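In the two complexes below, subunit A is the common chain; its partner is subunit B in one and subunit C in the other.
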Partner chain A sequence: MRKLAEWQLALPLALAFASIFLAPLLMLVGVSFFNDDKISQPGFGQWAKFLGDPFSYKVIADTMLLGLKTVCATIVIGYPLALIYLDASPRLQKVLIFIIVMPLLLSVVVRTFAWIVVLGREGVVNTILLQLGIISEPLRLLQTELGLVISLTQIEMPLMLLPLISVMSRLDPNLRDASSALGASRWRTLFKVIVPLSMPGLVAGCLLVFASSTTAFISQTVIGGVRLIYLPLLIWQQSLVVFNWPFAAVVSLTLLVSVLTVVSALSYLGRRTGGYVHG
Partner chain B sequence: MFSRRHFLAGTTALGGASLLPSIAHAKGSVAAAIYPGTWEEAFRAIVAPALKKKDSVDLELQPLFAVDQVAKAKAARGAPPFDAFVLDPGPRITAIQDGLFDKIDIKKISNASKLPAGLVDEWGIGVNAQVVGIAYNPKKVPAPKGWKDLFTDPWVSRLGITGFQTTFGTVSLIEIAKVFGGSETNIEPALVELKKVLPKIAAVGQPAAMPGLFQQGQCDVIYTNTQTVATLKGRGVDIEFVKPETGAITFLTTLHIAKGAAEVENAYKYLDIVAGKEVQEALTKPPYNFIPVNKDVPLPDYLPMKNLDEMSNFVRHDWAKINPLRAGWIEKFNKEMAK
Partner chain C sequence: MGRRRSFADLSYALVIGSLAALALLIIVAPVVIVLTTSFTEGRSLKFPPTGFSLQWYEALFDPSKSRQIHRAVQNSLEVAAWSTGFGILFGSMASLGIARNRHRLARIADGLFLSPLVLPGLTFGLAALMYFTLIGFRPSLNLIIAGHMIVTVPFILRTTSASLSQLDPALNDSSQSLGASWFYTLRRVTLPLIAPGIFAGAFLAFMASIDNVPVSLFLSTARTDMLPIRMWGMMESTLDPRIAAVSGVLIAAAFLLMLVMEWTVGLTRRMRD
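And then the complex of A and B:
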């Protein structure tokens, strides 16, 4: 009887999940199997068109690469920051957490437009470099992949840092002391003790940053421009401009499957390293 | 009966609690689709109070882009979620072909006589004109004469372009194609020329991002409409409009009554008030900067024409021919411009 009650408690959420997530997803799959934009002739035409076009593979690869580059950049900058947080006084930790969470409190549109001001031809970076005499012509940072990765790194950074910090602050400080007492250098302690133990947080951060940066339509189109074509731009064009919903559904499912593939690979990796540490 | 309309009215009221009392006490109402952004702001600030004052009709605005309006009306199959459309020429043709409009009885729109011939037909009325040409920053580059100039220095390295997603982008690219030997249905020459200068071009962006990129100095020459130029100028941006030597482009924004509309009479009142002198005059002023079409309203002096008759010489396009080709053009633009 008690068991049944618990099962019933989960029912509202399960129903909500089924109706607002699963049902539309199934509809999306259904719509993708129509040949025409009026959704009247069933068939595999749109899939054939998308998968038969080499351009599609380039867009998929570019989208996944953008995600991986952003993940790498957030690790390179985020991990040392997490280490600093670990050693900081409780007071400094509060300040750091505030700085880390702050970007999340701003709308992504505001953050994205702020990056136009920073990276633009007459933006902060170019003005400083020009005045210092380091460059004679403004650098092209906006509408390049480099500029996009730089801005996505800042925009997605909280998603890397928050899981990382939450895992790292649970590490037993005695382990580090033990490592150095046994003669390990700081670097050895870092790579043999801290990094393996923080792996679950790192993997969770990578998952979040990857999924979020590959689907960041606003940042991709506003900072990257339309010469850098990623899957979200194709979905937007097909659904809201051209109005070919079946084709948009095909591209959406492709994005979903590609992101899920990378995410599953990452979480498999996370489970394996987790097993290695605790096993 | 709990109809779609009541549901929509309910959800709109939930969205803005301030609307609730007015809907509850309305003598009548009309649901009108409106473009999000400037159009929505302007119609909320000017048209809604005017309609309430004159006819005691509440205007319920539903922010929707043109293609979304057509899609929603199509999906609703005869029970449209709004009574009136606002459309650009491309979606207008689609909607006519799909039978989404009611034919209008022009006698019910008294202000129709104030509109120039050609703005009124059996399907609806034109309430705003858009004039598209070249905008440049006079402090950075000299004034270009026409579309061809954009492909040479000093303009080309400061040029910002957009694709076929918008009406203004599509017609500008058609005009560029024409200068290089193309036509309304052959945009290939434009893409060929663009590809040649692509490494030099300052920005290839989303239409909505272009004003921001111009303001930040990322590009100093763009194709755009006079409304954007006037709005940016109002914010202190150095920007001037040029009518290309081959002619400025114009197209109309039109209002239509949806087939199966629930409030047909109120929809007529809405069309009439938007075409009226008072509303047109108010829409012309900053920060809205619309181009009025009512003959009694003087044109703002920043426009490349002194009166509406001059606009008959402007370049117009046949969207019945453009519509079927546009999806292919968008795809082609992606592939040609992709890095």
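And then the complex of A and C:
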């Protein structure tokens, strides 16, 4: 029997991707160029409607800002945790990595639900604040952007921590020792040595957190409610409630383009800074 | 100079330490709180719970009261099993075929196969709904399986390709120079060595399928209900306390799975690398 050319092993998956991934995406682009929800009159009507409405730009901006806020929050508390991990004993490291990875195996819906219990009117935060006498009325935390950002920070945290830790554990410990032996404070060592060298992990984490939080439909609708409108909610409303598929196609292509734009801008920045460090 | 240095070190320990503690608190506390509230005696999910009872677990496991949830769990498990199965087959074949191929087309295909990881899932979910509907398919579990296979196969490809790249090419060469056929080498040398990689990827793919929202949201219907979508429904209108019990079960399952995977394939080590 003659040996099969090795690359042909990829054919079944390539066929599957062509027929149930590329073809649907092409069709999505096609559907967006129809004026009516019966998909019978081709035209640019839906694009004109979406791009001519100031409300659309507000929703796009809100969605991107939500992603950026979540990214910032995960960096501010996630990066210190990664630093602690770096200094921990191997035993403690095992425990920490277990705590960090486990939420990843837990359904996003469960993690979202947890925050309803924490942030609700009768939730933990309100109970504690009321009993301490700091507030007299329960705070409204659900259906606010603050509550949503706090929740997404926990929900997306593993996506930031895993790439960070993976890059940081490969850093040469001698570099840090050298920096402190030469008289740099720990802060200086952090910002001049550790942060620049962990840049690839940081950028990878930012990309994942951004892409995931901007499209986190369940968390956005359940914790944000219907008054905070982001692109995913708009897609769902237009496609499954109003059944205006061409408009839904326009919105989902907008989501795709805006997420990919920010993601590629971030990874370009990451490569630039990475080049600066190694160069 | 010495005093300033120690002040800086102290402030460093204080700031970094408290931020990291906050991170740990935010990661762990909600999970613990949900577990605790799921055993409440009360009719609402307030914290601290008003007493200990298993009432919501009893309601959840009752086959007549929670038939819809059971159906959704069954569907989710079935879809995850089939989509992971196809993913293992197609994904490991593709990996063997092109992971070590430097040709430009092979790199493009590799990028295409991994792209569902960065593409917003909702965009693909909506595209799949339109595509399947417009070419005349009726909604069914098979369509959901196909959609899940596309978005979960990248996990299998990634870990399998990583295992392949660590494989010493000399092993292959020596097996073949000793007269073993290509297939025999695959079966007796390559596959046993990359099996842990395939297994770890399959596990991640299975979990991703169980947890998938964007594809199921668009492709599932009342008859083909999926667990995350059903849970979303339980949270959206009036908060159904049984969801705390569902969460409790899923937390326990995630914990056990994590331990098993750690012992068998060293999951955390694989995820860090």
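In the analysis below, the second predicted complex is superposed on the first by the 262 of 279 C-alpha atoms of A that agree within 3 Å, B and C clash if a C-alpha of one lies under 4 Å from a C-alpha of the other, contacts with A are read in each partner's own complex, and residues count from 1 in each chain.
Following the convention adopted for this analysis, a residue touches a chain if its C-beta (ideal position, glycine included) is under 8 Å from a C-beta of that chain, and two chains touch if they have at least 3 such contacts.
Everything numeric in this text was worked out from a predicted model, so none of it was measured.
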With both structures lined up on subunit A, is it a clash or a fit for subunit B and subunit C? clash
Contacts of A:248 with subunit B and subunit C, given as first, second, both or neither: second
I'd like to know which partner A:58 touches here: subunit B for first, subunit C for second, both or neither. first
Which partner does A:171 reach: the first (subunit B), the second (subunit C), both, or neither? neither
Now for A:195: first (subunit B), second (subunit C), both, or neither, which partner does it touch? neither
Of subunit C and subunit B, partner touching more subunit A residues: C
Mind working out whether A:142 is in touch with subunit B, subunit C, both or neither, as first, second, both or neither? first
What is the contact status of A:76 with respect to subunit B (first) and subunit C (second): first, second, both, or neither? second
Is A:157 contacted by the first partner subunit B, the second partner subunit C, both or neither? second
Of the partners subunit B and subunit C, which touch A:228 in the superposed model: first, second, both, neither? first
Subunit B versus subunit C as contact partner of A:68, first or second or both or neither: neither
When you line up both complexes on chain A, which piece of subunit B, out of 57-65, 129-137, 219-227 or 255-263, runs into subunit C? 57-65
Note: overlapping subunit A surface for subunit B and subunit C spans 113, 116-117, 120, 122-123, 221-222, 240
Residue positions on subunit A within touch of subunit C in the complex are 1, 3-4, 6-14, 16-17, 20-25, 27-28, 31, 39, 76-81, 83-84, 94, 97-103, 105-118, 120, 122-124, 127, 150, 153-154, 157, 162, 165-166, 169, 183, 185-188, 190, 207, 211, 214-215, 217-218, 221-222, 232, 235-236, 239-240, 245, 248-249, 252-253, 255-256, 259-260, 263
In their shared complex, subunit A is touched by residues of subunit C numbered 5, 8-9, 11-13, 15-17, 19-20, 22-24, 26-31, 33-34, 37, 44-48, 89-91, 93-94, 96-98, 101, 103, 106, 109, 112-113, 116, 118-124, 126-132, 134, 146-147, 149-150, 153, 181-182, 207, 210-211, 213-214, 217-218, 227-228, 231-232, 235-236, 239, 243-244, 246-247, 250-251, 254-255, 257-258, 262, 267-268, 271-273
Subunit B residues within the subunit A interface of the complex: 65, 67-68, 71, 162-165, 198, 202-206, 209, 212-213, 216-218, 326-327, 330, 334-335, 337-339
Given the complex with subunit B, which residues does subunit A contribute to the contact? 55, 58, 113, 116-117, 120-123, 142-143, 145, 221-222, 225-229, 234, 237, 240-244
